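Below are two complexes that have subunit A in common, paired first with subunit B and then with subunit C.
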Partner chain A sequence: MKSIAQKEFISTLRDRRFVVLSALVLALLLTATLVGRASFRTLQRERQLAQTTVNDQFRNQPARHPHRVAHYGSFAFRPRSGLSLLDAGVDSFTGSAVYLEAHQQNSVNFSQAQQSGSLIRFGEMTVAFVLQLLVPLLIIFLCFGAFTQERETGTLQLLLAQGTTLRQVAWGKIRGYCQAVALVVAPALALAAALLFTGEEFASNTDLLARLVLFGLSYAVYFFLFVVGSVVVSARQASSRAALVTLLGLWILGGIILPKATANLGASLYPTITKAQMDAEVHEEAQHGVNGHDPHDQRAAAIKAALLKKYGVDSEEKLPVSVAGVQMAAGEAYSARVYQQHFAALNATYEQQNRLSDWAGLLNPYQAIRPLSMGLAGSDFTHYVHFQQAAEAYRYGLVQRLNGLQASMGYGDKERRLDAHTWRELPVFAYRAPNLHWALPHLFLPVAALLLWAMVLSWLGLRLISKTSIA
Partner chain B sequence: MRVFWILFSYEWRHFRAAKGLVLLCGLLLATGLYGIYYGTTEIERQRQQLATLPELTHRNVEELKVKFPGPTDAGDIGYYHSTFAVHHPDPWAALSLGLRDVNPTYVKLRLLGLHNQLYASDNTNPMKTLTGNFDLAFVLVYLLPLLIIALCFNLLSAEREEGILTLLLAQPVRPATVLGAKLAFRAGIVMALAWLLSGVGMAWAGVPLDIRVPSWLAMSTLYCLFWFGVALVVTAWQRASAVNAVALLGVWLVLVVLVPSLLSLGVAAARPVPQGIELTIRQREEIHAGWDKPKTQTMNRFFGLYPQWRDTTIIRERFAWRWYYAFQHLGDQAVASQARAYAQGLQQRYDLVETLNLFSPAIIAQTSFNALGGSDLPAHLAFQRSAARYHDSLRAFYYPLLFRKVDFTHADYAREPQHTFTSQSEMPTVRRGLSKLLLSVTAVLALGFVLVRRRSILPH
Partner chain C sequence: MSYLLEARELRKQYPGKLALRGLNLQIAPGEIFCLLGQNGAGKSTTINLFLGFVEPTSGAAFVNGLEVAKNVLEIKKHLAYIPENVMLYPHLTGLENLALFSSLAGFQYADQELLDYLTDAGLPPEAARRRVGTYSKGMRQKVGIAIAVAKHAQVLLLDEPTSGLDPKASNEFSELLRRLSGQGTAVLMATHDIFRAKEVGTRVGIMREGELVDVRPTATLNAQELEQLYLTYMN
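This part shows the complex of A and B:
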C-alpha cells in the first residue's frame, strides 16, 4: 500500500501537466495572499485612522449641551479580522461604518461592493476562493484517471494478481494524491501564516493561531473529500472520459449552481423588510407604545409626575434634576428596546434565508467549507452581527450617559452648557472581535457536514470500490 | 452542400438518441427559466417595496397634521417630515439584476444636510449579495458556455476514439465539412435555446419592443459564437477528449472566473476612491460647528450663496429654523467637491473596467447586459444625482416659507415636490460591448479556420 502511494506521488510529480497546473495554483495562492494582505492593510489603516479621527474629535469638543453631543454622536468603524486576508467572507458586502447618534439606529454604510461596479459579482480573488474552488478542480484533474487509466492499460489486473485488494489499491492511491496536494497547498498556507505572524499587529496572538490551525485542518478534510470522491468516481466509471465529465459536472453543480440557487431560493421564501418600513414601524411603536396604548406623551407626563412626587415639590423649577434629561433617558431606553426587537426579527429573517444554504452543506461540501472557513476567519455574518451589536451597545451607553449628565444639570439645563473637559471622560468606541470560543458553536453544522462526508465517503465509497469490476 | 445537410440530419438523430445531451439541454432550459422567474419576481418585489413608500410618507404627514393642527413654522415640518427619492427599475433589469440588490433603491430625505442621508444603505443579507443573483444574464454568461463545452469537447475525438472517424473519412466527404456540420448543428441547438430563453424572458418581463430587443439577441448570439470559436480552436488542435475537456474548461475558468477577479483587484488598486466616509465625517464636523459659530457669520456665508434672502430680518433669538437649515446646507457645501470626487472616482473605476474588459468576453457580455438593464453602477450614480437635485428642489420649496416667515399649512403638504427616477439603459456601453464582442468572435473564429486549414484532420 505504501509503495502504491509512493508510486502515485512520484508519477504525479513527473506528470508535466500536473506540475504546470499546480505551479499555477500555487502562484494564484501566493498572489491572493499578497494582494489580500495589501488590501487588508490599506483598509485597516483607513479604518483605524478614521476611528482615531472621530475619537479625537469627540474628546476635543467645545463646551456644549449634552444632548447636542448626543446628536453629534460618533462613528464606529469595523476593523477587519486578522484572518480575513485569507477569507474575506461577506466583508466586501457589509458596510464598514455606522453613525452612532441619539434616538435612532443607522445602517452600516459604505461597503466595498457599493464602491465598485458589477465586476465584483464575478467573485474575489482570495486564498479561500482558490482553496474552495480551484484546488478541488486540480484534484479532479489529478485523480480522474486513478482507476480508469489502470483499467484501460490493464495494469489493474497485474496489481491485483500480486495479492493486493482493491481497497488497498484505493487507499494507496488516496495517500499518494493527498501527499501531492499537500505539496502544493502547504507552502502557500505556511507563507500566509508567516506573513500573518510577522506583522506586529498579530504577534503572539494565540486566538489567531488557533483559528489558523483549524482553518488548515478544515481544508485538509475538504481536500481529502475531493481526493476520495474522485477516486471513487474513477473506480465506478467505465472510461477516463466518463469519470472526468462526471467529476467536472459535479464541480459545476456544487461550486456554481447550487450555492446560487439555494441563496436565491432562501431570499425568495423569506422576504426581507426594507429599512424604511422597519424604521416607520419602530417610530410608530416608540411613539404610541409597543401595544399602541402607551403613547410617548403619556409616558413623558407620567415621568414628570413621578419626579415631582418623589422629591415632594409642586413645580419643575424646584426639582434637583432636569425633567427633559430623565424623559430623554426613558425615551431612549424605550426606543432602543423597540429597535432591538426589530433587529432581532430582521436577523432571524436573514438566518432563515441562509439556513437553506447551510443545510445544503450536507449535500454539497462546498457549502459546508464556505461558512466554516469564513466563520474561522472572522468574516462571516455572525461576526458582522457581533460588531453591529457592539456598536449599538456603545451608542446606547454613550447616549444614556449624556442623558444622565443632562438630568443632573437640573432645571433650565437648556440655557447652559457643560465644560469641554466633560467629553474627555466619556469612553470612546473600541471594538474587540470575539474569540474562537465564541465563534465555534455557530459552526457546528458545517463541521458536522464535513466530518459526515469524510466518514461516509471513506466507508461507503471504499465499499463501492471493492465491489467494482476489475476489467 | 447536400453532404452537409445529410451530416446535419444525422447529427440530429444522434443527438436525440444521446440521452445525456438532451438531459443537459433540458437542464439548461430549466435553469434559464428559473433565472427568468427569479429575476422578474425580484424586480416585482422591488417595485412593490417602492410602491409602499408613498404610504409611509402619507402616514408621516397624517402624524404631523395631528402634531401641528394649525399653520406652523415650516422649519418644524422640514425637520420632522420625510419623503423618499425612488429609483424605479427598467423592465430590462429583470433579465440582468446587476447591482440592484447591493445598492439601495430609495433614499429617505429630510430637509437636513444631504450627505448624511444620501449614502444610507437598505437592509440586505450579505450572504445573499455575496452569492449573487441567479438571473438570465447569469445563465447566459456563466452556464451557456459550459453547455457549449459539454456539447463540443468530444466533437471529433469521440468519433476518433470509437474508431468511427476512420470510416467517416473513408467516404467522399471533406473533413472540414464534417466539422462544419457538427459545429453548425450544435450552434443551432444552443442558439435556439438562448433565443428561446431570451424571448421568454422578454415576454415575462414585459419589455418594450425597441432597439434593445435586437441588441440583447445580438449580444447573446455573439457570445455563443465566441464559445463555439473556442471549441473550434480546441477541436482543430486534435487531442483526446479528456484533454479537450480540460482545455475548454481551463479557458472558461480563465475568462469567466480568473480574469474578472484579477481585473477587479487591479482596478481597485489602480483607481483608489477617496473614501465616502471621509466626507460624511467632515460634513458632520461642519454642521455641528454651526451651532457654536456666531449666527451672523453663518448667515453671511449662506447669503453669499443665496443673495435673494439677504434682506430678511436679522436673527436675534436663540434659535431660528432658517439659521439651522443655513448651516445644514453649508455643511453640504463644505464637502461638495469631496462628494463630486467620490462619485467621479466610482465612475472612473467603472470606466476603467469597461476599457479593460476586452480581456474577457464574459465581462463584456455581463457589463453590456447590466448596461441594457440599467442596473449597474452608472445607473445608481445617476439616481444619486437625481436625488440630490430633488433635495435642491425641496430646499427651494421650503426656503421662501422659512425666510419670508410664512407659516406651513396643511394644504402645503400636497404642494411639496415629489421625486421619481427610472433607470435608463446605457446604450453607448451596449454598442461598444457589441463591437468588442464582434471583434473577439472574429479573432477566435479566424484562428479556428486557420488551424483547421493548416492541420489536416487525421483519423487517428
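This part shows the complex of A and C:
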C-alpha cells in the first residue's frame, strides 16, 4: 500500500496537468488568504474605531436627564472573528452595527452586501469557497482515472499479479492522492495560521488555535471523502470518460443544485415574516403594555396608583421615586418581552431552515462542511444571533439602569438633569465572542454527517471496489 | 507427480460465449508449455483463470497444488505474469517501475540489483533511469520481463510475451526462459509464434474454440510439421 501511495504521489507531482491545476488552486488559496486578512484587518480596525468613538461619545455626554441619554443611545459594532478571514460565512450579508436606544430593538445594519455593488451577490473569493468547491474539483481531475486508466492500460492486472488486492490498491491510491492534495492545501492553511498568530490581537489565543485545528481537520475529512468517492466511482465505471462525467455531475449536484434546492425547500416549508411585519407586530403588541410617554395610559395610571398605595401617600409629589421612571421601566420590560418572543419565533424559523440544510449534509457532504466551516470560523448564523442577543441584553440593561436612575430622581425629575460624570460610570458595550465550547454543540449534526460519510464511504466504497471486475 | 500448474475440467462461460470447454492440463516443474491458437481460442482466458482474474464457471485451476478460486492471493506468490502489451507507469522511470512492482511482490532491491535485472532483460542501462513514457513497446516488454524475473516465481504465465520484441531480444528472451526452466520454473506461454513455441517449448498445445485439441512434445516435431499440424486444426 505504501509503495502504491508513493507511486501515486510521485506520478501526480510529475504530471504537468496536475502541477498547473494545483498551482492555480494554491495561488487562489494564498490570494484569498491574503485578501481575507487585509479585508479582516480593515473591517476590524473600522469597527474597533467606531466602537471606541461611540463609547467615548456616550460617556462624554453633558449633564442630561437619564431618559434623554436612553434616547441618545449608542451603537454596538460586531467584531469579526479571527477565522472569518478564511470563511466569511454569513458575515457579508448580516449587519455589522446595531443602534441601541430606549423602547426600540433595532435590527443589525450596515452589512458589506448593503454597502457593496451587486457583484457581491456572486459570492466572494474566500478561502472557504476555494476549499469547498475548487479543491474538490481538483481532486476529481486528479482521481477520475484512478482505476479506469489502470484497467484501460492493463497495469491493474500487472499490479494484482504481484499479489496485491484491489482493496490495497485502492487504499494506496487514496493515500497517495491525499498526500498530493495536502501539498496544495497545507501551504495556504500554514500561511493563514502564520498570519493569524503573528498578529498581536491573536497572540496566545488558544480558542482560535483550537478552532483553526478543527477547521483544518474538518477539511481534511471533507477532502478525504472526495478522494475516496472519486476512486470508488473510477473503480465502478467502465471508462475514464464515464468516470469524469459522473464525478462532474455529482459535483454540480452537490455544490450547486442541492444547496439551492434545500434553501428553497426550507423557505417553503418554514416561511418567515419580513422585518417590517415583525416590527409592526411587535409595535402592535407593545401597545398593550405600559406607555410611559402617555399620561392618559390606563396601565401607567395603575402603576402610579400602586406606587401611591405602596408608599402610603396621596399625591405623586410625596413619592420618593419618579412615577415616570418606574413607568418607563415597566414599559421597557414589557416591550422587551414582546420583542424577545417575536425574535425567538423568527429565529426558531430560521433555525428550522438551517436545520433542514444541516440534515441535508447527510445526503451531501458540501452541505455538511459549509455550516461546520462557518461555525468554526465564528461567522455562521448562530454566532450572529449570539451577537444580536448580547447587544439586546446590553441595551436592555443600560436602558433599565437609566430608568432606575430616573426613578431615583423622585418627583419633578423632568425638570432636572444628572451630572455628566454619571454617564462615565455606565458600562459600555464590549462584545465577547463565544468560545469553541459554546459553538460545538451547534455543530454536532454537520460533524456527525461528515464522519458518517467518511465511515460509510470507506466501508461501502471499498467493498464495491473489491468486487470490481479486473479482466 | 506434483504439477505446478493444473487445470481440471476447467470451463468458462461468458455471456453469449463459451470461452473454455473443460480444459485438462498439467505442467510440471521445468516444463515450458506453449499454447497455440487463433485470437479468441481461449488462451488468454486460460491464463486469466490461473491468475484468478476471472472465476471458472466449473472445474478448477491449481497453482502449486492450491486451488486458484479459493486462494486468489496466496497463489500470486507462486507466479509471475507478463502480458502481451506491458503497460507501465509513464511518469516513473524503468527502475522506479521495477522497484514498485518488486516491492508489491515483497522484494526490496537496491538500485544496482534493479539495474542488473533490467539489463539482464535487455534494457540498456541509460534507459533504466529514463521515464517509461519515452519507451518503445519493446523496451516496456523488457521491463515486464525484469519484473517477472525479479519475483523469483515458480510459475511464469506469459501472454504473447515476445510481441513487440526485435528478433535479437526475442532470442535473448528464449534463452532466459530456458535458463529459468532449468531452475525448475514451470512456464505457460500463450503465443501465435509457432517457431518460437517449437524453439523454446517442451510441449505445445493447440487450442480451438475453447478446447485443447492437441498436445505434443516439441521434440517429436520439427517446425514445419508443427506449422502443418496447427494449420490443419485451424482449417
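The rule we apply is simple: the second predicted complex is superposed on the first by the 462 of 471 C-alpha atoms of A that agree within 3 Å, B and C clash if a C-alpha of one lies under 4 Å from a C-alpha of the other, contacts with A are read in each partner's own complex, and residues count from 1 in each chain.
The criterion applied here is as follows: a residue touches a chain if its C-beta (ideal position, glycine included) is under 8 Å from a C-beta of that chain, and two chains touch if they have at least 3 such contacts.
Being a predicted model, the structure only gives us computed values, none of them experimental.
Engineer: Between subunit B and subunit C, whom does A:R241 touch in the aligned arrangement: first, second, both, or neither?
Structural biologist: first
Engineer: Which of the two partners, first being subunit B and second being subunit C, lies in contact with A:K467: first, second, both, or neither?
Structural biologist: Neither partner.
Engineer: Count the residues of subunit A touched by subunit B and by subunit C, then name the partner with the higher count.
Structural biologist: Partner touching more subunit A residues in the overlay: B.
Engineer: Report for A:R337: first if it touches subunit B alone, second if subunit C alone, otherwise both or neither.
Structural biologist: Touch partners of A:R337: none, neither subunit B nor subunit C.
Engineer: Which of the two partners, first being subunit B and second being subunit C, lies in contact with A:S357: first, second, both, or neither?
Structural biologist: First partner only.
Engineer: Once the shared chain is lined up, is A:R167 touching subunit B (first), subunit C (second), both, or neither of them?
Structural biologist: Neither partner.
Engineer: Just to be sure I read the superposition right, which of the two partners does A:S3 touch: subunit B = first, subunit C = second, or both, or neither?
Structural biologist: Second partner only, subunit C.
Engineer: Taking the superposition on A as described, I'd like to know which of subunit B and subunit C A:F141 touches: first, second, both or neither.
Structural biologist: Only subunit B is touched by A:F141; subunit C is not.
Engineer: Once chain A of both complexes is superposed, is A:Y72 in touch with subunit B (first), subunit C (second), both, or neither?
Structural biologist: first
Engineer: What is the shared patch of subunit A, the residues that subunit B and subunit C both contact?
Structural biologist: none
Engineer: Could you please specify the touching residues of subunit A with respect to subunit C in the complex?
Structural biologist: These residues of subunit A touch subunit C: 3-4, 6-7, 10-11, 14-15, 153-155, 157-165, 470-471.
Engineer: Inside the complex, what are the residues of subunit C that reach subunit A?
Structural biologist: 48, 51, 53-54, 73, 76-77, 79-81, 83, 85-89, 91-92, 96, 100-101, 103-106, 131, 144, 147, 151, 157
Engineer: Along subunit A, where are the residues that touch subunit B in the complex?
Structural biologist: My answer: residues 28, 31, 35, 38-39, 42, 46, 50, 53-54, 57, 62, 64, 68, 71-73, 75, 77, 89-90, 92-97, 99, 106-111, 113-125, 129, 133-134, 137, 141, 144-145, 240-241, 244-245, 248-249, 252, 256-257, 259-261, 263-264, 266-268, 271-280, 284, 287, 346, 349-350, 353-354, 357, 381, 384.
Engineer: How about subunit B: which of its residues touch subunit A in the complex?
Structural biologist: Result: residues 31, 34, 38, 41-42, 45, 49, 52-53, 56, 59-60, 63, 84, 98-99, 102-104, 106, 108, 116, 119-134, 138, 142-143, 146, 150, 153-154, 161, 240-242, 245-246, 249, 253, 256-258, 260-265, 267-269, 272-273, 275-278, 280-281, 284-285, 288, 291-292, 346, 349-350, 353, 362-363, 366-367, 370, 375-377 of subunit B touch subunit A.
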